[in-house]
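Next come the structures, one after another.
Next come two complexes, and both contain chain A; in the first it sits with chain B, in the second with chain C.
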Partner chain A sequence: MGKGQYIAKRIIQLIITFFIILTILFFLFRLALPDPTAALVMDGLSAEEQALVRARFGLDRPLVEQYFIYLRNFLTGEFGISFHYKSAVFPILMEKLFNTLALMLPAIFISYLIGPLLGVLLSWKRGSNTEFAGIVGGLFLRSAPVFWTGMIFIMIFGIWLGILPTSGMRTLPYTATGNFDKIMTLDYLRHLFLPMLTIALYYLGLPMLIMRNTMLEIMGEDFIELCQAKGLSERRIMYKHVARNALLPVVTQAAITIGLAVGGQVVVEVVFSWPGLGREMIQAVRTSDFPMAQSAFMMMAGLVLIMNTVADLLYSYLDPRVVLKGGNK
Partner chain B sequence: MRRKLLPYLFVAILVLVLSVGVSAQRVPELNIMTTTEGYDPIRYEAAFLIQDNLAELGIEVTVSPTEFSTLIQNFYNEQDFEIAIAGWSGRVDRLDPQHFLGTLESGQSDLGGNNPGGYVNERYDELFQLQSQEFDQDLRREYVLEMQSIAMDEQPLNILFFRDEVVAYNKDNFTGFVPMAGEAIYNEWIPFDVEPLGADRSLTIGTTQEPDNINPLDSTTVWGWKFMRMYYDKLIRLSPDIEPLPWAAESVEAIDDNTIEIVLRDGMNFHDGEAVTVEDVKFSYDYYQEQDFAYFRPFYQPLEEVIIVDDNTLHFVLEEPTSFFITVTLSQIPILPKHLWEDIEAADQLSPEDVPTVGSGPLVFDQYDRGEYKRLVKNEDYFMADEIDIDAVDFNIYADSEGVYTALVTEEIDMTAWRLEPAQINLAEQEDHLEVVSVPDFGYYHMTYNLRVPPMDDIEFRRALAHAVPYDTFINVLLDGLGERGTSIIAPVNAFWHNPDVPLYDYDLDLARERLEAAGYWWDDEGRLNFPQ
Partner chain C sequence: MAAKKGFKERLKYFKPMLVNLFEPFKIIFRDPLGRIGAILLSIIILIAIFAPMLASHDPNQMNERIEGSVIPFDEDGEWKNYQVIGQRPLNEVALGDNYQLAAADEGYIYLKELGDDWQEFKLELNINFLAAAVYEELRFVAGEAGIILRQAADSWQIMPTNTEENINDLIILNSSQAYAVGDNGLFLSWDGDSWTEIDSSTTRNLREISFINSEDGIIVGDRGTIIHYRDGELSEPSFRSFMDSTFRDLLAVSYFNENQAIAVGERATVMIYDGQDWYTADSGASRSLNGVIHTSENEAYAVGLRGSIIKYDGESWQSLDRITRRDYRGISFADDQGYIYGVEPYINELAPPSRDHFFGTTHLGRDIWSQVMYGTRTALMVGIIAALVVNFIGATVGLIAGYYRGGVDNFLMRIVDIMYGLPLEPFAIILVLIFEPSLWIIIMAIGLLTWRTNARIIRSQVLSLVERPFIKAARVAGASDARIMLIHITPNILPLAFLQLAVAMGYAITAEATLSFLGLGPPQIYSWGTILHSARLSGAWRTAWWWVIPPGLFISVTVISVFLISRSLEVLTNPRLRGGRDNAPEAEEFENILPDEQ
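Showing the complex of A and B:
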């Protein structure tokens, strides 16, 4: 019983879920996607040559055998060789993941910083035109497709004003030796601006509206009345008492969003030609690059699971009313 | 009760027997497999246009838009199709007729081969052998022309259209582009032809396509090779008019049926400063054979051995006379530096950072970052360095063609490596700084019949169908005028090998009906086409 047991239980659940996802991924790609060698036929490979390629990638073995090799490789941290690039999957994946996070984390950070603050403001100004404008604006941004907002930004800032770059993450040609070299430049920030704005605006609506709704709920509770009776200032009640309690659902949402961020905003990556993981996933599916596709989706699934668990655990610290319980009693 | 039921039963059986009798003669519903609308809206629409026209002939057709790699799988690997709409891209080594003619050779009709329709014609096969062994170009041409007549007459496939390659470049910054059939302006002549007009001497090319890798013994995509051929040199270079020019070779001469003598150019160096010698040339060809690189196998297969005669002379000894050896093999296989490759035992196992990128070509490899950027710089030491006016070629890699087009407009790039989308062509024409270039292609889009399935096994049926294909509608409506109607498998733009005298089948539904009728086909009361009795 108690915290430790609860955490252990969650971790076991996590492992089981992850194993199921691994299995589904393996069979899903093999059953749904065409044979990876099919793409090579257009370049005039004969049947015999294709057989060689199949053997090289281990595709000539029975599916069940392939599955066990896949599990073994996963346990030993072996991500395999990409069929398309014909080189190790892991370094490619890591590079793309870094690029994706370099876009997604700033965007999520900004939207989860500003969103809840705006939410507080909206609930405070309940019934006013500000609230109305805020809700409409939030819903609008939430429902506007990101490729559309992205293209509008490209048109305005890239083509009409010509002040911001519209593609990639740095000006070419360039030389960068490591990942941090890549992002410690003003040039990177200039490239980051438009795609980040697109994503941040899209993500902004959710924490803002969740915050507002929860705030309104909490404002109706008895202890707020008590605070007012104590003569606390309105500002103090709002930020110190209501907002703090209303943050909980926002935290869960933030954790899930960060988990999903690994896959990137595929559409935004395409519109802004951002060299991230989302683009890589599309390409991997298109070329039936099983090892690449599996590893990318595996990573995304793993992160969503972990972030969810973290959010659950975090709850108990943020809200003492939530007690972690280990089991049956 | 029984007696009452009997007549009904009798009538029911009669109806059943009759309908089976009738439907057995009916031409069954046929299936056309084509690409999805997303992959290629033109092939997709073309299938529906053909469906409409065949309906006019009383032939029921269903269209199956199929995801591209599944289509390729069904078409080539499993030959599981009735009628398929597919295409061959025009690659420079396919200007030699060998490859396209081979797609109708009976030897390639096995599963996975290039002749999935299963066409067999003895005379055609015989001519295919003859032309592939004939060094005399004029004689070879005669064989090639006759093969085209046979294919056109027997219609194992119908060539629907040739699509123009429409690309654009920034005419304020660069000039001198020489378009090449099938390659448009992103071809091997860029270093020698393109001249900067302003201060910017780096030509920036925008592309969505990316090499699979840059290992000359592992890359199996056109985009890998289009990049690598810029920094590797070859013995022969094909001129923009597809004439084989001795390049790293001083001279190339067939001294008898099976032997080609090569004299190597003097004073060439690899980018690391080592001299290019006959040893390197021999090594390159031996190495490709030894490593058994499948993608190039058709190129080096006829080669028996390479003999070093003296310091700058080599003899290429062939197993049998091979007409395409000079035009294709010598112009495609790169010269590799022996000192960097000889110790590599399995070249396809190299990890990307270990792949040597040293060639002896007009440009020098500088950088490649996957998904972002590639860069080549001028080889100051090249024997034709005086002819090279640009300092570098940069490649920006975009996620989609929209990104490439935006970059053209914002002048981030100077030219496109691949065709513009139809909607972008009109927009590009309105931009003052852009020049739009339209180049005919020799790759073709075709409708291939599975000749193992009736009625496609009937030559008369196929001839009639050739009259039911709306060739002009494809060009005027689907391609916006940017293309040419399908003729022979060797396209008109490939002027030397194309047979301009093959009689074409015109779009004429009445004629199609007449031909079907003459062959004994007939229409039932419902207007459906029936097999000859």
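Showing the complex of A and C:
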């Protein structure tokens, strides 16, 4: 199978999978909740007015027709009107997505910068107490619920020491003309620090342990022995030959993590009152804002799928053997 | 006979399964980290089983706390230095020249000699002492059931009174004159020898009595009762009943001189006497006032429920800053010494860890230790059920896909791909949006989404198994597909399934805690996540560290114990690991150590 063919196949798979998720979501909502406007209908609204509301949201048509309208709207970027904000969902979600990425990307960047370095250190010190402590520490960081570590950080840095802000993205009130204007300030960095630290610590363990394990595996391979026979220094072998090859699974894991982080760290946004996608979704659920909740979920699922595919493609690019085997791991 | 043989035959098939089931335990205990994990998990399981016994309180109960405390009047004329002197609420503190005497509930009295600390005495009687009075060396306490005690030498002796009514207040004027008032209009007089009852011509409960000299006193009581007791030149005691517009219970009175007296009562009622008449005054307070005392001609203090202290400057009342939020029972003052005392039982809210409450209490006075103990049950229940569901679906799908291969495999693996596109937390949130929050929704969300990893791992194991000679031999011998899958393949994937069980369990516990923390769990069940959720909701978590740290630590310890166990089980998936940790592990290892990002 050629490279182009492989990429095409993965993208087609992505589209089909996303289409199926859209369909599942639609029927899940419509079958479990035949009338989502119930939440919207105020007391004392007459039958005619209720019908008007239903017509406005297109709920008076047959289910199949609704389904096709739903698909058409989705393809044209028409995500519907939020019950809560009474305005279009899409621009709101895009802003929230930006906020989420403004938190997640720096956090993942830091954990995937430090994690592999620690992994190299651990594999170097294999069998020692350092390695033992590193493994247990990595496991602990993964076991501690991320919302809990966030709360502890707020208690220490926000309340006890009182040196860092603990909620929101910026000190209110503020004015920003655009998204990038919003984050190009010191104030944003101060707000970013605690949630970023929380997430970075949580994600740190995975690249660290992956790196360590892959390093150990590669160290057993023949070409390392050759390097040693050539008389290369241990440091050079470690960084130039072992670590470079061991980075491969770390890179693909980073791609997968970015996809999942968009939807996966709802709790951190809640704890730190970060105005992101996850918090918006929780709020939408609380206020029964179905179009918002549904669209936020689709956005998250879409990002997960895209990043999974990116990870696969990255892997095939970095390790051409994958394509030759024709498998998707 | 045939049936018996059939049974034996079947047993034979199950034997490898059983052997394979025990194998993992051996492996766990061979690895030091696995042992630690197994021990930690066993402790957690024991806690879950014995949770009702370990819980020191009902987790829903709002715990009250009782203590006897005083707030002394210091040199600067301020009430300061709240101090707890015992475990019983104080009903009255009497001030003598060089000692102080406090009457408390449940037969306790407290005595303080000048320059000494408070000392606690428990009397034989198991009644609440409601009043205390001292005069030079005379020391009286009185309480429920008409009992008045007098200290003689080192013991307390009962003075006969001929009444069963509760005695609410007691006063000694001199060595041959004392009075007591009580419920149902009880009014007693002491002549230095014995108590005699005086007809008060009322049946209302009388609460407190106050004198300015041995011939002029005021008694207050329920439903606005105020009685002036003036002896004057008469040898017989006389009354002048005085009724004002208030019908609220008056609980305390302070008679300072002929032109000044103050009576206070429920709902912050304040009555002021100007030598002629009583009139109501607005105290500005809202809660019941239990005590009042003059400290000088133009200064008086009144105290009441929820720590209210109000000060009178001869003209108006003003509230002082709260020292505590607890209820005061009264106030006393003599010769520049004074005490505010109490206290009623109060809700022990946000108490830091103590012997009573190992992990402190919540903002509603609930015991956090007990909540955490019960939370263990929820966590393990969700963890185990979800892990079983995940494993059952995952192993079945993996087995079928791996065994039949081809189109079936392709179809099932595409479903797995779809499942990988659904992020767990958001999906669970959507489920909660559609259905009601409950533990089953959480289990369902975890079960529906996390079997994908199991299916993949089991499938790859089955793919390699079906190529083995013994499976081929079974097929040639004519065994059916079902038989091969059940009897030949299942025992071989059991250890792997067991490993996945541990991984799924750790994952399910975290997921449950996360969803409950977001407020998506059932509110009536305690879980570690809901404890943290309510801590966050109350807003008190920012300072109440004892509310935040224990549940999180329990989650971490449980999950890490499961991680350690699954780590030691890795040799099952990769037998090359057997025999020491210097053997280079497979790249796959990390996927099994840590639950996948789901």
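One rule holds for everything that comes next: the second predicted complex is superposed on the first by the 291 of 329 C-alpha atoms of A that agree within 3 Å, B and C clash if a C-alpha of one lies under 4 Å from a C-alpha of the other, contacts with A are read in each partner's own complex, and residues count from 1 in each chain.
Heads up, the rule we're going with is that contacts are C-beta pairs under 8 Å (C-beta built on N, C-alpha and C of every residue); 3 or more make two chains touch, one makes a residue touch a chain.
For clarity, every value in this text was computed on a predicted model and none was experimentally measured.
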Let me test your reading of the model: by the given contact rule, A:Phe29 touches which partner, first (chain B), second (chain C), both or neither?
second
Kindly classify A:Ile114 by the partners it touches after superposition: chain B alone (first), chain C alone (second), both, or neither?
neither
According to the stated criteria, A:Ile154 is in contact with first (chain B), second (chain C), both, or neither; which is it?
both
Pick one for A:Leu216: touches chain B only (first), chain C only (second), both, or neither.
second
One more residue to check, A:Ser288. First (chain B), second (chain C), both or neither?
both
For A:Arg279, is the partner it touches chain B (first), chain C (second), both, or none of the two (neither)?
first
Once the shared chain is lined up, is A:Ile7 touching chain B (first), chain C (second), both, or neither of them?
neither
Which holds for A:Ser87: it touches chain B only (first), chain C only (second), both, or neither?
first
Scan A:Leu313 for contacts with chain B and chain C and give back first, second, both or neither.
neither
Indicate the residue numbers of chain A shared between its chain B interface and its chain C interface, in ascending order.
33, 151, 154, 158-159, 270-271, 288
Name, in rising order, each residue of chain A that touches chain C in their complex.
13, 17-18, 20-21, 24-25, 28-29, 32-33, 126-127, 136, 139-140, 142-149, 151-152, 154-155, 158-159, 205-206, 209-210, 213-214, 216-217, 219-220, 249, 256-257, 260, 262-264, 266-267, 270-271, 278, 281-282, 285, 288, 290, 293-294, 296-297, 300-301, 304-305, 308
Of all residues in chain B, which touch chain A in the complex?
67, 69-70, 72-73, 76-77, 89, 99, 108, 110-114, 202, 204, 212-213, 215, 218, 220-222, 294-295, 297-298, 348, 351-352, 367, 369-373, 375, 392, 394, 396-400, 402-403, 406-407, 409-410, 412
Where on chain C is chain A touching in the complex?
33, 414, 417-418, 420-427, 429-430, 432-435, 506, 510, 513-514, 517-518, 529, 532, 536, 541-543, 545, 548-549, 551-552, 555-557, 559-560, 563-564, 567, 581-582, 584-587, 589-590, 593-594, 597-598
Residues of chain A touching chain B in their complex?
33-35, 37-47, 49-50, 52-53, 56, 84-88, 92, 95-96, 151, 154, 158-159, 162, 165-170, 172-175, 269-275, 279-280, 286-288
